[in-house]
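This is the structure, below, for whatever I ask next.
Chains here go by letter, A, B, C and D, matching the order in which they are written, and residues are numbered from 1 within each.
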Amino acid sequence: MASKSFYAVIAGAGTGTGRAAAVRFAKSYPVVLLARTPASFDETVVQINSSGGSAIGIVADITDPSSLQSAFESIEEKLPGSKLAAAIYNVNTKFGPKPFLEVTLEELDANLDSAPRGLFAFAQKTLPLLLDSVPDSPRPPTLIITGATASARGSARFAHFAAGKFALRAIAQSLAREFHPRGVHVAHAIIDGGIDTPWGKAYVANGGVEDGKIKPEQIAEDYWHLHSQHRSGFTHEIDTRPFVEKF
Amino acid sequence: MASKSFYAVIAGAGTGTGRAAAVRFAKSYPVVLLARTPASFDETVVQINSSGGSAIGIVADITDPSSLQSAFESIEEKLPGSKLAAAIYNVNTKFGPKPFLEVTLEELDANLDSAPRGLFAFAQKTLPLLLDSVPDSPRPPTLIITGATASARGSARFAHFAAGKFALRAIAQSLAREFHPRGVHVAHAIIDGGIDTPWGKAYVANGGVEDGKIKPEQIAEDYWHLHSQHRSGFTHEIDTRPFVEKF
Amino acid sequence: MASKSFYAVIAGAGTGTGRAAAVRFAKSYPVVLLARTPASFDETVVQINSSGGSAIGIVADITDPSSLQSAFESIEEKLPGSKLAAAIYNVNTKFGPKPFLEVTLEELDANLDSAPRGLFAFAQKTLPLLLDSVPDSPRPPTLIITGATASARGSARFAHFAAGKFALRAIAQSLAREFHPRGVHVAHAIIDGGIDTPWGKAYVANGGVEDGKIKPEQIAEDYWHLHSQHRSGFTHEIDTRPFVEKF
Amino acid sequence: MASKSFYAVIAGAGTGTGRAAAVRFAKSYPVVLLARTPASFDETVVQINSSGGSAIGIVADITDPSSLQSAFESIEEKLPGSKLAAAIYNVNTKFGPKPFLEVTLEELDANLDSAPRGLFAFAQKTLPLLLDSVPDSPRPPTLIITGATASARGSARFAHFAAGKFALRAIAQSLAREFHPRGVHVAHAIIDGGIDTPWGKAYVANGGVEDGKIKPEQIAEDYWHLHSQHRSGFTHEIDTRPFVEKF
């Protein structure tokens, strides 16, 4: 049975990864799903609550500090006295490859908003809560950040996207080095490859070979494994890709 | 209950990591422990067999192809018809920092023997068996290789040690890229920090802080997690270190 | 004698590296120095002009597209018909280590402004000019970007700074991959260590050992070497550090 | 005019890179070319000597310590009192991609011989000489090591080759960290792409585009630039590739 006194929060719960992580963490904790529109989390919240778990959806714009502040006040009301065991940052921007000279400053900014600026706000909000949970959390309190291939490698026509994702990784690494010694586990996941979601069906990865796209449930298991690690052996970065993905 | 038709083999079963991996994988498979002397695995074999698992110890020198060949013939005799689900390469050399100009060619060779040459022989022996298990193994057949900080970073007075460990990682990466598309999972683990073993007590890591050395059981859980990954989401490298380790 | 028909532009000309690069490139080209205040470039401009070179200083805020636009119109007026052979992005932010939970969003933004946002604007302005120079430039047209240790490694209490510098490197890598095939050389320099400038005397690097801080003239030679590379052998990243620097 | 009191030695002088480095360094030093057969260096030695430089060819098997010892005794006889300013390790093995399960142990060993074992012997021989030159060498004494893409990235069917090249890089990094503080510059060059040599004409790189293969003269200029760096700004690794090379 899930502990009532600790919860997990997932920012960016509308994507395949965020949704699957919510379902996985709900096996052990009440989960809070943050997204910009209820449509992003409604179905998942119902699914978790109707199958024995506990889930709450809260509308929030992670890149807006005051919206984020309201969200955490709302959590405090709905889960009074509950402490934070795990926080997952899984916010994405719509993006696509584009010749550099055609990218607008607005497009760059959208990537900087959803990546370094959003993570910055989310981490400043959650790290004090995670630090507070160190003494009694059932597992080391954990902040997990979803990255991409572009977190570690710039590519032609992806400067705007890579700028955001590299910055995300910079923050993740810096936080790991600052907060591991204080007992909070910070981990960054390089997800390399398409993700197998209903709405991603149109994108045919790896020639359409079976399992050529990552099952979000596998990423969720990876995240849970990270959260379950003993503090004597923290992993601060993983990469996950389909068996047929070139890398 | 453990499947009888698939087994796991651990080369270098005498160390903390090898021993813990054997115990962990024995929850699901009969395990074969390879080491140069029976003293390295005897206690672990007894422990596993007396607690409901199934373990076999075989004396073998991994860096000698004919010794390795005999070992696998012996496995075939003792576990007739059983197929290989997981192979772990965990062979180490005694080493220590030494000014480069004082290192002997014999010391370099000892590192090349236990690292690239040993892994080369072990991988050539196990990969055909793992490929053969792809269609029916309960989890994707897996080859896991234990590396170290020195796999990814050369340090002053560690040229001989880093030469072997870098080469190990080179092989691991190459095999991942060659065998993932064929369904065999190849993963390399950078273990960064001292390991908490009875015989390692003398080595005081991280100022003696509690959990300042990695618990081998945590590494074993990481290895099991790698083995359990769905082929749509293989991780080919992890790094694990104590929360207080500088990196 | 310097070619009159090609020039070089240095953004962030007030620092040791920018100043030294201006002096070095002035041996072959008229140079344009961009900085936020005349005080940053006045002395260097006089020095170059009085020793046989040709230098122009223009006040510009690189992170403001309209200010950048004016600067290039001003260049067009002052060097009519001259084409761009080399552009150097050397803009920095004041920063220092700070516990993550004390960093303000404004401090993060200052780093994002001077790093990804500033480079984005500068690259969008200069790349079309560099492309235009490909057919007849005496050396492959080059965009050089000054990074730091924090471009490739996040550190405790440096999340805000690393976020900007990682993003800079992301853009640099992406541009190298997009523009090398079109004949423009893009290179990123990881400057690892203190720089030996008059105003940096207070900062005692490496225990005050002689040459324990990088001479900016060495970085300038490195930049010139990058610019001089034949297109059959472009280097897209260098790292430079004092011989006594730990890395 | 070249200084008579300092010389440079190039191991593996028969290839395009070794030959070009000899010609470049001969502008400033007498050069010694080491190769397994005179045919590898004869033409280059004649060319240098007939154009105002000074070159000596010595037959040596770098991977055999006694052969290497004889070579350096021979240098001492032919250039009495001359000190070593620069040593270049440019030894290669014939290799090609091969399915891992078909590679023989002999093929792996050939790669380990020419890479870590050869460099180990060469570095142990040259580093004491380079250290001895620190006080009075016209430029910081330098050891340069030629690597390849496979130094930093394992690829399918290249395990044997990558094992050697990764190990080379491990030694290079370790030596840089050990010998930089003592005043000897150690640098590793990742040469990524085909090299434009007469005997390499058959290999059509990058679709046969002009300059699609690296001109060895460019690599030689890069090596000279490394050797010319002031010790306040050593670069320990460069990568060089054709402008059209994918990376």
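By our rule, contacts are C-beta pairs under 8 Å (C-beta built on N, C-alpha and C of every residue); 3 or more make two chains touch, one makes a residue touch a chain.
Not measured: the values here are computed from a predicted model.
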Query raised in the report: Within the chain touch network, how many edges lie on the shortest path between subunit A and subunit D?
Result: 2
**Report entry** Most remote chain, CA-based centroid, reference being subunit A
**Finding:** D
Report task. Measure off the straight-line distance from the CA centroid of subunit A to the CA centroid of subunit C, and report it in whole Å. Result -> 35
Query raised in the report: Counting in whole Å, what is the centre-to-centre distance of subunit C and subunit D, each centre being its mean C-alpha position?
Result: 31
**Report entry** Two or more partner chains touched - positions in subunit D
**Finding:** 177
Report summary line: One finds touching chains in the pairs A-B, A-C, B-D, C-D
Query raised in the report: What residues of subunit D sit close enough to touch subunit B in their complex?
Result: 65, 99-101, 103, 105, 108-109, 112, 116-117, 120-121, 123-124, 127-128, 150, 153-160, 162-167, 169-179
Query raised in the report: What part of subunit B is in contact with subunit A in the complex they form?
Result: 140, 177, 180-181, 183, 185, 196, 211-215, 217-219, 221-222, 225, 228-245, 247
